[in-house]
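What follows is a group of structures, each given as structure tokens.
In the two assemblies presented below, subunit A is common to both, partnered first by subunit B and then by subunit C.
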Partner chain A sequence: MTSRTERRGVSAALKQGQITPTELCQKCLSLIKKTKFLNAYITVSEEVALKQAEESEKRYKKGRSLGDLDGIPIAVKDNFSTSGIETTCASNMLKGYVPPYNATVVQKLLDQGAVLMGKTNLDEFAMGSGSTDGAFGPVKNPWSYSKQYREKRKQKPHGEKEDSDWLITGGSSGGSAAAVAAFTCFAALGSDTGGSTRNPAAHCGVVGFKPSYGLVSRHGLIPLVNSMDVPGILTRCVDDAAIVLGMLAGHDPKDSTTIQDPVKPFTLPTLTDVSKLCIGIPKEYLAPELSGEVRSFWSKAANLFESEGAKVIEVSLPHTSYSIVCYHVLCTSEVASNMARFDGLEYGHRCDINVSTEAMYAATRREGFNDVVRGRILAGNFFLLKENYENYFIKAQKVRRLIANDFVKVFNSGVDVLLTPTTLRGAAPYLEFIKEDNRTRSAEDDIFTQAVNMAGLPAVSVPVALSNLGLPIGLQFIGRAFCDQQLLKIAKWFEKQVQFPVIQLQELMDDGSSISEIEKLASVSLKH
Partner chain B sequence: MWALATRLGLRSWLGWRRGFTSKADPQGSGRVTAEVIEHLERLALVDFGSQEAVARLEKAIAFADRLRAVDTDGVEPMESVLEDRCLYLRSDSVVEGNCAEELLQNAHQVVEEYFVAPPGNISLPKQDEQEPFSDN
Partner chain C sequence: VLNRRCVEAAVMTGLALNCRINKKSLFDRKHYFYADLPAGYQITQQRLPIAVNGSLAYSVCVGKKPSRVITKTVRIKQIQLEQDSGKSLHDELRSQTLIDLNRAGVGLLEVVLEPDMSCGEEAATAVRELQLILQALGTSRANMAEGQLRVDANVSVHHPGEPLGVRTEVKNLNSAKFLAKAIDSEIERQIHELENGREILNETRSFDYKLGCTMPMRDKEGKQDYRFMPEPNLPPLLLYDTESLPPGADPQQVINIDWIRERLPELPSETRERLIQQYGILPEHSFALLNEVGLLEFFQNVIKETRAEPKKVTSWVLNIFLGFLKQQNLAVNESPVTPSALAELLNLLDRKAISSTAAKQVFEELWRSEGKTPSQIVSEKQLELMQDQEALERACHTVMEGHPQVVMDVKRGNPRAINKLIGLVRKATLSRADPTAIKEILERKLSP
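Take a look at the complex of A and B:
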């Protein structure tokens, strides 16, 4: 397979006419069809995509391309509003709902000429860590069908598709992660409230980036937790994530929680010398449940930085063990409030009961929401009851400050970036995963990722290596607030050192498509 | 047919509420009494639907109780990580709107430019009341 260092940028290829936007779009559409069994997409916007590709082609012919994203296929998680395209949040509540506007981040991508392939699958209303609890079914991890995984399991790659033991993608942006991992698009939008972009990125072997809270507009992102949600970016390499971030970041008058500091698109510089860096290893993240393999990769990564001259020190985030509890209370409380808008009157599902508004709302919400969503709404309402407000909600807000302060202290002591695992282990088989309920799984799986959301910091999961089972393992870098560029610079250096292997998807190669075509798509990023 | 099925569904839901008994859950806090259930269901307008859901809430509360161990004396609650910045206020000028037709398209029941709602100010029936639904 072509190594990463030899890849040609697809943007350059488009500019030079080596491939047209329409050809690229059609290739991706065909891949989407071939990988339909992954269930990564809820809606494939074929007509829209081809039309956008056509327009992009006209621009290229006139030599007037809009930039690096012009003609590039992208996918968007189905909790971002897309004008004229159904937006469901993988819930019965919004089946058939067609927003009359684009989310700001979607509009920005379209303004750059990106080609929208479709809306990707997720856990219902982005609640979950497996992408298994949506109304359109679970998403399957492409690595379940990879040569690397199947060889380890001693399964014939070309044999009968053994499908009962497929693996989850992680969540909740599992569809986006799978879409990027399976080459059906070059970048995808996810959302990140407690790790929902970084978790599936780690399980699917792609880069999952969570920007600083306030850097990227949330207008049009159907909210889960207003004080923690951010749009996330999933790509196959760090450079691509930086390109997308450059286009999305910046103040939005429609989202008053975006900061007003000026932000310019940037080219990510290449770091060659890490000797001036200080990497922090939070000792509380050495959880007993952490798998030996992930621990070993974490340790090797730390050693790698040290061997290249960086200062690597152990740091402490003392309130780590309370972080997930605090997140649980704040999340359910804000969810209880945010889900109140779904009453069947102005949009979304509406039941047939017309006796009274209350009866109508209650029945609509029972029919529209799944158990997970209802469970969180009820828990949130419990914590917000007058008699509980002080002891749960306010208490959690106080603990949130302690957690955020932990990070501030560490960064003030001279640490540039923290290095932690992203997940406890590699992707689990679906049948294993569903043995525990959503809340339990979320509490386990979000353990390394959610504290970052509470502190509003930028973080990125970078695929490191394959486990003994042939599955991707990712590591997480956490940066200072609004130092997203520096964070990505360090992540890019690390990515180059580890040379994570390209997924070998037999499914795509079986039907006679020329290997070189797949290789081309597999190994290219947007730029060199 | 569908309306009938929905009414039956609602009736069985109300029936469940009527027949509920609070069982002690070894992992739970025993705080989710029948009273609390009714209260929450009316506030949230979302029903528990099963004993399992009640048990899950008990576990969620027990989980949240772990916060008691943290010393938060003198700590201010944090509402937003951007608390040190001023929220942006845009100028009060109308730049968009006039899209009533577009917005009405997403609603199920609409009359001219109104969203149609069933009659209000009617509380959900209490646990021990007969359901007052007449045949629609």
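Take a look at the complex of A and C:
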């Protein structure tokens, strides 16, 4: 088993010529094909990727690589616009839609020489916490097929029944999380509105980072909730997330909500002494639905910090219980607004009805959107009606301010980061998960993550350990606004302490030898 | 993303209209579904617009010569920045609508006036003044026919002392003239309805040019709930003045209201005042000079090159020049006569090289045939005034001798008789004598 302590940065490997970008690209493409059953990708941009790899190779040959990301395979969630590559948001509404421009974050990655493997699957329009409600089908959690999980389940050998109890990835950036977890790329972009990057990261055993709102440009990210959305970063280790953040952060004139200050790429320093840190444990996050296992890991993590000299204190975020309702009102209101542009006239799906414009709108939107999306639009429009605006929208904005202030107060009292669970439990089997509707699940699963979006703070989910079932459990660190580096520094220390195991997927691959090679290579980070 | 030039234009317009500029203003989304609105919402400033509480002064001329000028004011409720939608072109024949999205998203300035005007002419005059102001500021060319300025009128009637009646909104007006007509016809219609016991519906009506009255518009339904919501992608717009400007602020990123105020160009009302002071012309002439695009510039260019008195120049520009333009439906910049040409002509007139009748002839010729200078035309047509005083005296003498009866009339005190003599002398001199000089000589000769 390859452990994380054995690092051989793939960036270094590329620079030293131990492997070429084209070889790396091809290996990842082959892995994508082998893991097709996971349904992590909606579009695999094979031609584009190979071309980019070829160009990267030329640069390396000349000794002129663009940086740490040059030649590195990445994947992008299918709600980011990619020029010339279909962008669907996993919705019938945008099936066949090919944007004429790249989202700023995509452009930045491409400018660094990254190789785009494809667009990953999600819940339709990023609404959901399972990656199960997209027009292209659900995403399967790679851990469903891991040795660790199968052993614990005392599984019968391969048969068709085996696949019927596969696990969800969490959502809505499930495709990106699965793509990273299955080694098909080194980093993936997700989006995070209420936890959509952190939730699947926890379920798939990868690092899911949500930057501070305003740090990374949203231009080209098809919006869900403009005031809460951020592009999220999914990687196999914290260092990699930091590298990607360094490339993406900074002011974008095309996004008026980004901060003005320029941001330079940075190397994450290694923290060795946590004795000066103060870790906050929000008492309201001790939810009754929290599984015993997660609670136990949370406790152990707190103890770990304490044993290493950090100050660990209980803090209070008193308005936590109102958070989910408040989020619901504000989220659906903005969704109703943002979805108004999908009318079938200019792009995307258009129905066949020609009777009148109104009839055309109605049919197009009914055909193009799934129930989840339509439900949120209706709810949002209700809250925005003149007679309801004051009581719902304005009230929710006020409550949002209170929630954000809760965090400010806590951070002002000397706390450096908060430590909380990311999810209530490990990944659920799909058949279990779909017993409740999307709205119920979202309300349950977003419980630890959405207050962070309301407050615009940075947060990261770090895989901690495997549950009794052999499934990944993640814990969340929440930092001060724009102290993303500090947050990642602490997360990196923690990651080193817990030594989360590498997923073992060999069983599924027929082709024995080359797999371990890929795995060995793919399981490492970008840098030393 | 907010366009800086739009914000500057809004501030300039707000200052020119005496508004209070809100140092903080907000953007909202106004939601409705329409084919020419691709986002399904329009970004506007419903909660807190960029400028409020201003005024627009306009002058109505009462009576003919001499006309009195009365100044009226209409209050400006607010000025707001918003997005334009696309353009719908209805193809009735094929039952389809073509949508042109080229202008969707372009910045607009909406100026909302209070209901302080009472008839079509007032509204049209106010709008014309607004056009002049916008043109002077450079914020818009404000041509209604080209859609650079779009005007909707809200019309209601009420008995004196009672509150304002139900209003209708009249759209589809592409000139100030039709604006006035539409308003007046709508006022008439409303009065007629009310007097016949019916009610006025709060509806949108379109002006029908052929029928000369307003008709209800099919497209717009009753009241819509626009579900206003703050625009999350545009932070509040903060403007500064010299006092509140943060130190070390990047001038590219901030707008200083005082800086803009100091650089405001001369507004039409100021220009008119200045013309009156500077050239001693009458207020109504000052008005007229500003009322035609390019006329003021033409006038000023003539003044620069001529020694003639401003009053003379004014008279020539407003009566003769403008008359010719209007007759042939030309704009000032299409005039075949250049300011230099007219200046030269006026110089000739001024030093009495030609008579005013001759001058008019020359002008006609200038208008018809480009390229010739006034001097050339004068010599070609031999229109020079007689400079020879003695010859003129002889001519007068000859006429007087030849018409003793008329001379008698003059001596008897008939005031018109002298004109007859002048006319005869002019005929005799082939109109090459200055009537004033003739008159002077005759009077001298006739006096005892």
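For the reader, a short list of remarks on this structure follows.
Operating definition for what follows: the second predicted complex is superposed on the first by the 512 of 528 C-alpha atoms of A that agree within 3 Å, B and C clash if a C-alpha of one lies under 4 Å from a C-alpha of the other, contacts with A are read in each partner's own complex, and residues count from 1 in each chain.
Quick note on the criterion: a residue touches a chain if its C-beta (ideal position, glycine included) is under 8 Å from a C-beta of that chain, and two chains touch if they have at least 3 such contacts.
Because the structure is predicted, anything quoted here is derived from the model rather than measured.
When the two structures are aligned on the shared chain, A:S333 is found in touch with subunit C, with no touch to subunit B. Of the two partner chains placed by superposition, only subunit B is touched by A:H319; subunit C is not.
Look at A:D273: by the touch rule set out above, it reaches neither subunit B nor subunit C. When the two complexes are overlaid on their common chain A, residue A:Q260 makes contact with subunit B and with subunit C alike.
In the superposed model, A:D352 lies in contact with subunit B only, and not with subunit C. Residue contacts after overlaying the shared chain place A:R400 against subunit B, while subunit C stays out of touching range. Ranking subunit B and subunit C by residues of subunit A touched puts B first. With both structures placed on the common chain, the touch criterion links A:K386 to subunit C but leaves subunit B unconnected. Legend: residue contacts after superposition of the two complexes on their common chain; A:R341 is shown touching subunit C, with no touch to subunit B. By the touch criterion defined above, A:E432 reaches neither subunit B nor subunit C. Residues 227, 253, 256-257, 260, 336, 343, 345-346, 357-358, 361, 381, 385 of subunit A are contacted both by subunit B in one complex and by subunit C in the other. Contacts from subunit B toward subunit A in the complex involve residues 2-3, 6-7, 9-10, 13, 32, 36, 39-49, 53, 56-57, 59-61, 63-64, 66-70, 72, 75-82, 85, 87-90, 99, 102-103, 105-109, 115, 117-120, 122-124, 132-134, 136. Against subunit B, the residues of subunit A that register as touching in their complex are 97-98, 100, 213-214, 227, 251, 253, 256-260, 319, 322, 325-326, 328-329, 332, 336, 343-348, 350-363, 365-367, 369, 371, 374-375, 377-379, 381-383, 385, 391-392, 394-402, 404, 437, 439, 443, 454-456, 481.
Interface of subunit A with subunit C (complex): residues 225-227, 253-257, 260, 333-334, 336-337, 339-343, 345-346, 357-358, 361, 381, 384-386, 389, 393. Only residues 1-2, 29, 31, 33, 35, 38-41, 97, 99, 101, 225, 227-229, 232-235, 253 of subunit C touch subunit A when the two sit together in their complex.
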